[in-house]
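In what follows, structures are represented as structure tokens.
Note that subunit A is present in both complexes that follow, paired respectively with subunit B and with subunit C.
And now, the complex of A and B:
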């Protein structure tokens, strides 16, 4: 296979360059990034306060979860949420309205690589900026967080798995914009479903049983609940590896749908812009 | 009083503009339905694990959720579009044109945009308030209803001041692209009674970010837990905040040097 190595090398090169550029750019707008982060931290803080308050009024636990367990869950949540920020369908709408997609089509590389590399580069800055926030939240809410080495290693892989799954899902949703200008309604339905069935709103164990069963058959929990539980829960090594396997499976499913839908959508796409 | 005339003109303009895009009404209505549905699901979930939250029953909390959605509609239809445009124009240097007009600049930047479809949330929020209030045993008298509406208007004024202070920051920090996300995040805290937050957070949410006064106080009228001293404090605070916003806006404006050609 003579083409294999140059292709791989150029891909690695592409990702490294894109990520480095994005990292430097993101660093310049620290104030904006912190503003975004501050707005984002409100969400888990609210959930944390509500559920801690319920736990305290019921003798200290809800379904076996203490305020400290909730604190651990929602502090890790914040990092996972950061990893879950990807190119949204709103971005897609703009991209199509302003004809940016046309330029993307001229390049030899599938446009998803640009999005993946771009957001991956930004993540590195976000993770760095998350650390002081995590310290601050920990001082206030005293999380019960004692992960082992294996858990930390699996977590570091799982957050990128979550990133890939959500990237694929939102790319599929984004491509809807090529067919209709009303994609935002579909996106908001998606976000609502995700909120309830991913563990973003509450740890899934607090949901009714039928909802937990439903969640097991959908990709959402692998982007929120699983990575968080890896760090805060007591999962066996087998279920840790099994979880990573599920993430791989959902990434593969997402990638195949992206590939297929992209082929169809590009044929349908008519250029706007110059 | 000229501001009212101005507001009326811009409102008519906004309505005419948006009537061109009638399909957007259905999108807005759908989104409003989703946010009400989410509010109800979250309440059902919380109250499946407890009977009261910090002394609030499910019906009482429904009133808060309704007020938060209702005021959210006011923000998204009138306040936020104006503030967003202000921030964008400061960045792009387009504010110059507005400043050359003879009308008061603060009134102009605050009244230019009206997005009527977003006001669907006012209706759906009001419906949630009515359902919540109807389920609470003691009735709400005429005085209570009038006080509720007055305090809602007052809450909208406080939220406007807060938004304008944030947006005025763009005279110093140019890249304020995420301001809406920041406000949205903070505004979500209003969906719960302010009493559940720990002390430091409660105080900052009352005085630093006036969510407590804007959302919880009107809801307290309908749930019969309002103490009149609270209203006095709220009114004094509102007057002070309005004055402070005005001063801050003036200081910010003096810094603006225009970036356009």
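And now, the complex of A and C:
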């Protein structure tokens, strides 16, 4: 039997190799990647223009948020959204149909590592490409964005925390594709809930009190609102650490559910066709 | 009673039943299925048993839908069996233990595991990391396999620019970088031209010899089976019809032999006779004619297999 590298070193090696492979692919298709990045800006820009107009028509603020505060929120929003892109149930349906899941099952590594490493590699390029766009948006909309060093450092951790939570959530939804061919319908419900309770559609402070209370008990807030607020808000150090703790908790919960659901799903998997 | 020591592959009463929904066509049936869904059990594999020893190359034959791929998927851990037992290298495949997955490979002729947009060398690097191969060992194996399949130029091109045959060859290199001890090959030569098929056959034989690997191979090309397998297992409707030497297949399932003779005047004669009468007919032919050349053959293996499935 061939020799093998120690587990930890090989995992680091796998993530580094996979991310490098994805970087190569993204650079190879840099024009397409840039178009995609530009497309990503459309959603927050619409929100930003609408809320800025509403703020101006209400004497300059909405619930204390100025157009500059909205600009800061939605410019950072785009960065967080880029970090939050993960494999959706649409992708799951395709990879089951095309036999990619079977190929993944044959490898001596949990397939979730592929997704995590793959998107992590892609994000590095997307973020790099977004930065000039963010500068352009800042010149147009003048965001009120003055984070300190601690906020920047916590933000850099929080966006990866958001990525992990959303990865786990959508992996759980994706696994439904192994049981039914119409899991994407459930995904639509997820997206709707996420839009309302994560801070994706509007900052959570603009939502009714009951919605804010509900959001505090669900994972969505920690994938959008929290990392954005880390950079644009005025959170105390205790709140920052508490937020990272919540992200860790939701990641752990998600990982546990993924592990359990995966064991059941693999047993049910029929691998028909490919 | 002596207990048989299981081989590298041990299969006992292995069964896979799929439960599939079914309904008639049309609106009425669609509406009825909303209220009450009809299910049907498909017995893809039924109580099959066999053992394969280390280093054996076994052909697994059967028509489409016979249960070949389902069996390979169960043995490679992709599918949970409904009942029965299967072990490979002492592992229960359905447990999908990492130690097991590192020691086997499943190559399917219609699957692509390489990164489409990148040269295969980049995908090989990824496999190195996945299989935890030390760089030095990996490079040695990679170069050896590239040499054996003569794909030195191909591995530097983006995979999407390769032809089907070229892609299959680099796929196989990627599947073997971790030097698996057991190879499940599901129609590895499907869609390839004759030259490419021959090349792959030589490679599989070489790999088997060099690394002592055990191979279970399905193929619809009898040339693959004749070139590589002394033993064949024939499966039909999920059940094993035959398990034995390839030569014995004709004895068991065909009732005729072909006698070909070249007579003194140059005339060529071909006779198809019942097996039991082969000696008598040959003797008669030699007694009554001046014969320059004479051969007695079993029917072509394709005809034999066709007869097996028809029986």
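As a convention for this text, the second predicted complex is superposed on the first by the 267 of 274 C-alpha atoms of A that agree within 3 Å, B and C clash if a C-alpha of one lies under 4 Å from a C-alpha of the other, contacts with A are read in each partner's own complex, and residues count from 1 in each chain.
Following the convention adopted for this analysis, contacts are C-beta pairs under 8 Å (C-beta built on N, C-alpha and C of every residue); 3 or more make two chains touch, one makes a residue touch a chain.
As the structure is a computational prediction, the values presented were derived from the model and not from experiment.
**Q** Does the superposition put A:188 against subunit B (first), subunit C (second), both, or neither?
**A** first
**Q** Does subunit B (first) or subunit C (second) touch A:107, or do both, or does neither?
**A** second
**Q** Output check: A:8 vs subunit B and subunit C. Expected answer is one of first, second, both, neither. What do you get?
**A** Neither: A:8 stays clear of subunit B and subunit C.
**Q** Counting only touches as set out at the top, which of subunit B and subunit C does A:196 meet: first, second, both, neither?
**A** So A:196 only meets subunit B here.
**Q** Should A:29 be classified as contacting the first partner (subunit B), the second (subunit C), both, or neither?
**A** both
**Q** Of the two partner chains, subunit B (first) and subunit C (second), which one does A:50 touch, if any: first, second, both, or neither?
**A** First partner only, subunit B.
**Q** On the A-aligned overlay, A:17 touches which partner chain: subunit B = first, subunit C = second, or both, or neither?
**A** second
**Q** Applying the touch criterion given at the start, work out whether A:266 contacts subunit B, subunit C, both or neither, answering first, second, both or neither.
**A** second
**Q** Subunit A residues touched by both subunit B and subunit C?
**A** Comparing the two interfaces on subunit A, one with subunit B and one with subunit C, the shared residues are 29.
**Q** Can you list the subunit A residues touching subunit B in their complex?
**A** Subunit A residues touching subunit B: 29, 31-33, 35-36, 38-43, 45-46, 49-50, 53-54, 57-58, 62-63, 140, 182, 184-185, 188-189, 192, 195-196, 201-202, 206-208.
**Q** Which residues of subunit C touch subunit A once you look at their complex with the stated criterion?
**A** Those in contact with subunit A are residues 18, 73, 76-80, 94, 96, 98-99, 101-103, 105-106, 108, 110-111, 113, 115, 117-118, 122-123, 125-126, 128-134, 137, 141, 178-179, 181.
**Q** Applying the document's contact rule, which stretches of subunit A touch subunit C when the two form their complex?
**A** It is residues 1-5, 7, 10, 13-14, 16-18, 21, 24-25, 28-29, 99, 102-103, 105-109, 266-267, 269-272, 274 of subunit A that touch subunit C.
**Q** For subunit B, which residues count as touching subunit A in their complex?
**A** Of all residues in subunit B, those touching subunit A are 23, 27, 30-31, 34, 37-38, 41-42, 45-46, 48-50, 52-54, 173, 175-179, 181-186, 188-189, 191-192, 196-198, 201.
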